[in-house]
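Both complexes shown next keep chain A, but they swap its partner, so chain B is in the first and chain C is in the second.
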Partner chain A sequence: MGRYVFSRLTESFVVLFIISIVAFGLVHLAPGDPAMALYGDQIQKMRPADRERIRENLGLNRPLPVQYYKWISNVLKGDMGRSFMTGRDVKTMLMERFPGTLILSSTATLIIISLTLAIGIYAGMRQYSFFDYASTTVSFILMSVPGFWFAMMLILVFCVGLKWLPSSGFTTIGTDFSIFDMLKHLILPAVVLSFTHMGYYIRLIRGSVAVAKEQDFVTVLKSRGIKNSAIVARHIVRNAMIPFVTYLGVSISIMLAGSIVTEAIFAWPGLGMMSVEAANNRDYPVLMGTILFSGVLVVGGSLVADLFCA
Partner chain B sequence: MSKYKTVTVISFIVLTVMAVMVIGAPLFTAKDPTGVELTKTLRQPGQGNLLGTDEMGRDIWTRLLYGGRVSLSVGVASVAVSTVLGVAYGAISGYAGGWVDRVLMRIIDALLCLPSMLIMLVIQSMTRPSLTNVVLVIGFTTWMQMSRLVRTEVLSLKEREFVLAALAAGTPVWKIILRHLVPHCSPTIIVMATVGVGHAILSETSLSFLGLGIPPHQPSLGNMLIGGQNQILAGAWWIPVFPGAMIISTVLAITFASDGLQHILMLRNAGIEEGVKKWLKISKEAA
Partner chain C sequence: MVKNLKRSGLTKENINCAPVMEVVDLSTSFLTAAGEIKAVREVSFSLFAGQVLAVVGESGCGKSVTARSLLRLIDPPGYIKNGWVLLNGVNLLNLTEGEMRRLRGTEISMVFQDPMTSFDPVYTVGRQFTEALMAHEKISQQEAKQQALQMLSKVSLQDLERVFNSYPFQLSGGMRQRVMIAIALAMKPKVLIADEPTTALDVTVQSGILAELKRLNKETGSALLLITHDLGVVAELADRVAIMYAGRIVEIGSVYDIFDHAQHPYTRALLTSINPIQEDGGLTAIPGQPPDMANVPPGCPFSPRCPEALRQCRQKEPEQYIIAGEHWVSCWRAESEERKISGA
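Then we have the complex of A and B:
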């Protein structure tokens, strides 16, 4: 056990190291340098001497490994640099926006787990029934719908047509914060984020339930006269839960990727919306910080999942 | 078996019809996809414009065909890139084995930890948006699953007698990989590539929707939806509805086709049990 924990920890550090290189490399090996991004078209009007001075101030004239070393040692000390656009501390920005993403993606995850477990187990136990085919078709449709388009259709129905829900934001502007108001804003983004990712999980759980119910231990339990519902509740559900736990890391990564578009369309203040803004403004320190931060979340998530299983 | 064949055949017919429509776009419309007509803005469907016009008076049916052309070709081309990359990487890793394999697989683990959409955003923000860039970006960020599956297959295939025979006959290693190992993985490769086309189309449309994909002067199913929510709030529902319906029907046909192919190709070669195991594995990877 101790050895496993140790090797799993080392592995995580190696993966984090590679992620940090990717985050750094993406920004620094790209055509055009960050100085160019910072000043945009103005750089063309500058004298070469000025350009050199900017590059030197930003430390861009040093060899890449030196720049990487400087960057990563600062990051380890907790300094992720400042945003090119707002001049604010990247770490503060990340911490400000993280709760938004956390609320949205954990709500979506709860919806996904409860709905897909119910549908997946029901379909898996009745393999090749009408319900099974219907759930397969629905999950294929859910897999094929672009999240942002689904969001638009929900806005069309619930905001324009029925006028039940707000179409964007975290809370109603100009009012005091209230949980009820925030939940009302949360419904549509959470529905979009969960429904567009549900298809895979339904298929996955249905598949593993269909395999599990044929296994010998189920036959043994049945022969002992244990009721079908008890077998499902005690044993099949536990088997069906496994993908959620082992794929926790991957799921976090998928949720973070999905929340980018969802947050952007609903103007939900989270990491996703921040990264879209940063990408549009070429705000490299923020982008590097977001990549690194998501990497830590995903690696941490899969580490917890693996240690939990062991 | 026959049921899967029917579904697959129907999906491929749908896809062929779409391909013919978007490739032969000029045959199905006389209008210019970028032709701005400011006297005809925001027209409802009907009235000389089959699916209405957008806020700049451009014909939506025409843009749908030309945009579909762009989005479908991005889907196919980026999967070509990711397939070549993924198969090569996976085959080399699996054949080499040992520490090379371990290092290469750790790199894949790390890359899979990064949300793909985020990486695409970052790369797109740094390069000038163009069709080729979108293809390359999607191709370079989506090859990892393919690689893992090919590697697992090569790992077991290389122990088989025919590889030994080829080695004994003095066949060079690259030829063994290319001529003997990769063709044996073709069912997996075909299924994963088909799944990939659907994913790639969704990625392209999302990127273009965020303004970081296909540049606005070229219609794509994604950038036709830019500002869609404002148009919906303004009451012009037809602008976002049709491109979205086109995306869904294309990706849905691809998803059904890949599911059918998976059953046909995998269950034919392997026993049922092995086929189910493979299917589970691929479904997990695809998730």
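Then we have the complex of A and C:
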């Protein structure tokens, strides 16, 4: 066990190192210029000398390997740099936005786990029944409907039509913070985020339950007079959970890294929206920060899931 | 019924020692797209305390389906069509699922073919042992563990605590099969069914497991139904032997009847295939293939491969004839009025 943990940890660090290079490389190779983004509308007034000055100030005129070395050594010291746009500390910005994403993704995860487990196990145990075909059809619909379209349809029905729920933001602007208000804002993004993931999970758990219930040991347990309900709950589901937990570890961390589409549509102040803003503004430190942070979460999440299974 | 009981092997010689289990006219079929597959057809036999009945036959002849039918472990599309499985005079086929469940593991147990896949990989074997005990008795985890350890010591395992706390993959095939046997016998069942218990094991481990089964069978006085295709195992272990072909028992008798006075051409062909190497170095095999069970030919199912087939063998299924005592055969060659025990 100790050796497994050690090798898995080493592996994770190597992966994170590669991610940091890719994050840095992609951001700097992408077209666009932070200096131009900084000028925004007034781009006509920018003289070449201004541009050079800005690039000098931001350290963008140095060779890329030198920039990378500077960035990564600061990151290792805990300093993720400052935003080009606002001059604020990237780490502080990440920590500000993370709770929003955390609330959204944990709600979505709870919905995913409870609904997909119930539907998937029931469908897997009654393979080829009407319920199974119905759940398969629904899963494929959920998998193929694009999240942004689904989100807009929900807004159309519940915000524009029925006027039951707010369509954007974290709380109603101009009011004091209340849990109830936040929950109302949370419903639609959480539904969109969880439903777009649910199709895969229903298929996954249904498939693995269907496989597990055909295992020889199920007949053996039956031959010992163990109750059917106990065989399903203790043995079949437990065996079927292994791929589920592994996959969940990965997708929880992907969601934690910020759900770009959902957060952007509902103007949910999370990491996803922050990275969209950063990309638009060519705000390299913020963008690299969010990518690296996502990387840590994904690698860490699958590490935890693997250790949990082991 | 009397006629049927007689066919099940209950004769004057053993009338005083009543059988533990009687199987009469058991038929199990599978409904498939290709039609009804009659995997087991009107099979009858009796099991006696402390005795071993071996059921022998080629793959697909219905041995395993027979075994599973006794525990009612046939999953759809299979179903038990008719017959009686009498245990203490109660027909198991009439019990509710809940009543049947309480008998599984306590009155009838089963040891399966492949000890690799017979354990749930995510629990320790000890946990699976205590789970079986606690499904039938109101005892604590600790008491169950004590019982389990005691039973494990009876199947010649060492280092019991370690075995108990092992996951299935941490044990060898032979050890797992010993644990399986210990679990199966833990609640002192009257009938133990062993479905090819050594087929998946190394040859060197096989004899140890078989010796264990035989010893425990004598010790606990349970009746053992041993499913196998290995005639060497039969000679070593069995008191009585039933030969199955295409879902039917074609001959049944004591191990001496079968090995020394085999009546059915199929039995004789099986026996010559034990020592298959001929003087010219070739192999003695039974020509042809067993019939397609969805499409069993008319008459005796063995007739297409039978070297002694008569014309009527291909037209009408043979009835059953007593050779001596509890030795009977289903073959037209043995036909005579006074031997007849079944039919119209």
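Here is the rule we go by: the second predicted complex is superposed on the first by the 273 of 310 C-alpha atoms of A that agree within 3 Å, B and C clash if a C-alpha of one lies under 4 Å from a C-alpha of the other, contacts with A are read in each partner's own complex, and residues count from 1 in each chain.
The rule we apply is simple: a contact is a pair of C-beta atoms (placed from the backbone, for glycine too) under 8 Å apart; a residue touches a chain by one contact, two chains touch by 3 or more.
What you see is a predicted model, and the numbers here were worked out from it, not measured in a lab.
When both complexes are superposed on chain A, chain B and chain C sit side by side without a clash.
Touch criterion not met for A:Val209: it reaches neither chain B nor chain C. By the touch criterion defined above, A:Leu221 reaches chain C but does not reach chain B. Of the two partner chains placed around the shared chain by superposition, neither chain B nor chain C is touched by A:Ile54. Chain centres taken from Cα atoms put the angle at chain A, between chain B and chain C, at 80 degrees to the nearest 10. Of the two partner chains placed around the shared chain by superposition, neither chain B nor chain C is touched by A:Met93.
Of the two partners chain B and chain C, it is B that touches the larger number of chain A residues. In the superposed model, A:Leu256 lies in contact with chain B only, and not with chain C.
Of the two partner chains, neither chain B nor chain C is touched by A:Val286. Look at A:Leu142: by the touch rule set out above, it reaches neither chain B nor chain C. No C-alpha atom of chain B lies closer than 13 Å to any C-alpha atom of chain C in the overlay. Shared interface residues of chain A (contacting chain B in one complex, chain C in the other): none. The touching residues of chain A, when paired with chain B in their complex, are 11, 14-16, 18-19, 22, 26-27, 30-32, 37, 140-141, 143-149, 151-153, 155-156, 159-160, 167-168, 200-201, 203-204, 207-208, 211, 243, 247, 249-250, 253-254, 256-258, 260-261, 264-265, 275-276, 278-280, 282, 287, 290-291, 294-295, 298-299, 302.
Residues of chain A touching chain C in their complex: 215-217, 219-227, 230, 234-235, 238-239, 242. Across the complex, chain C meets chain A through its residues 68, 71, 73, 101-106, 109-110, 112, 114, 117-123, 128, 131-132, 135-136, 180, 183-184. On the chain B side of its complex with chain A, the touching residues are 106-107, 109-119, 121-127, 198, 202, 205-206, 209-212, 222, 225, 228-229, 232-233, 235, 237, 240-241, 243-244, 247-248, 251-252, 254-256, 259, 276, 279-280, 283-284, 286-287.
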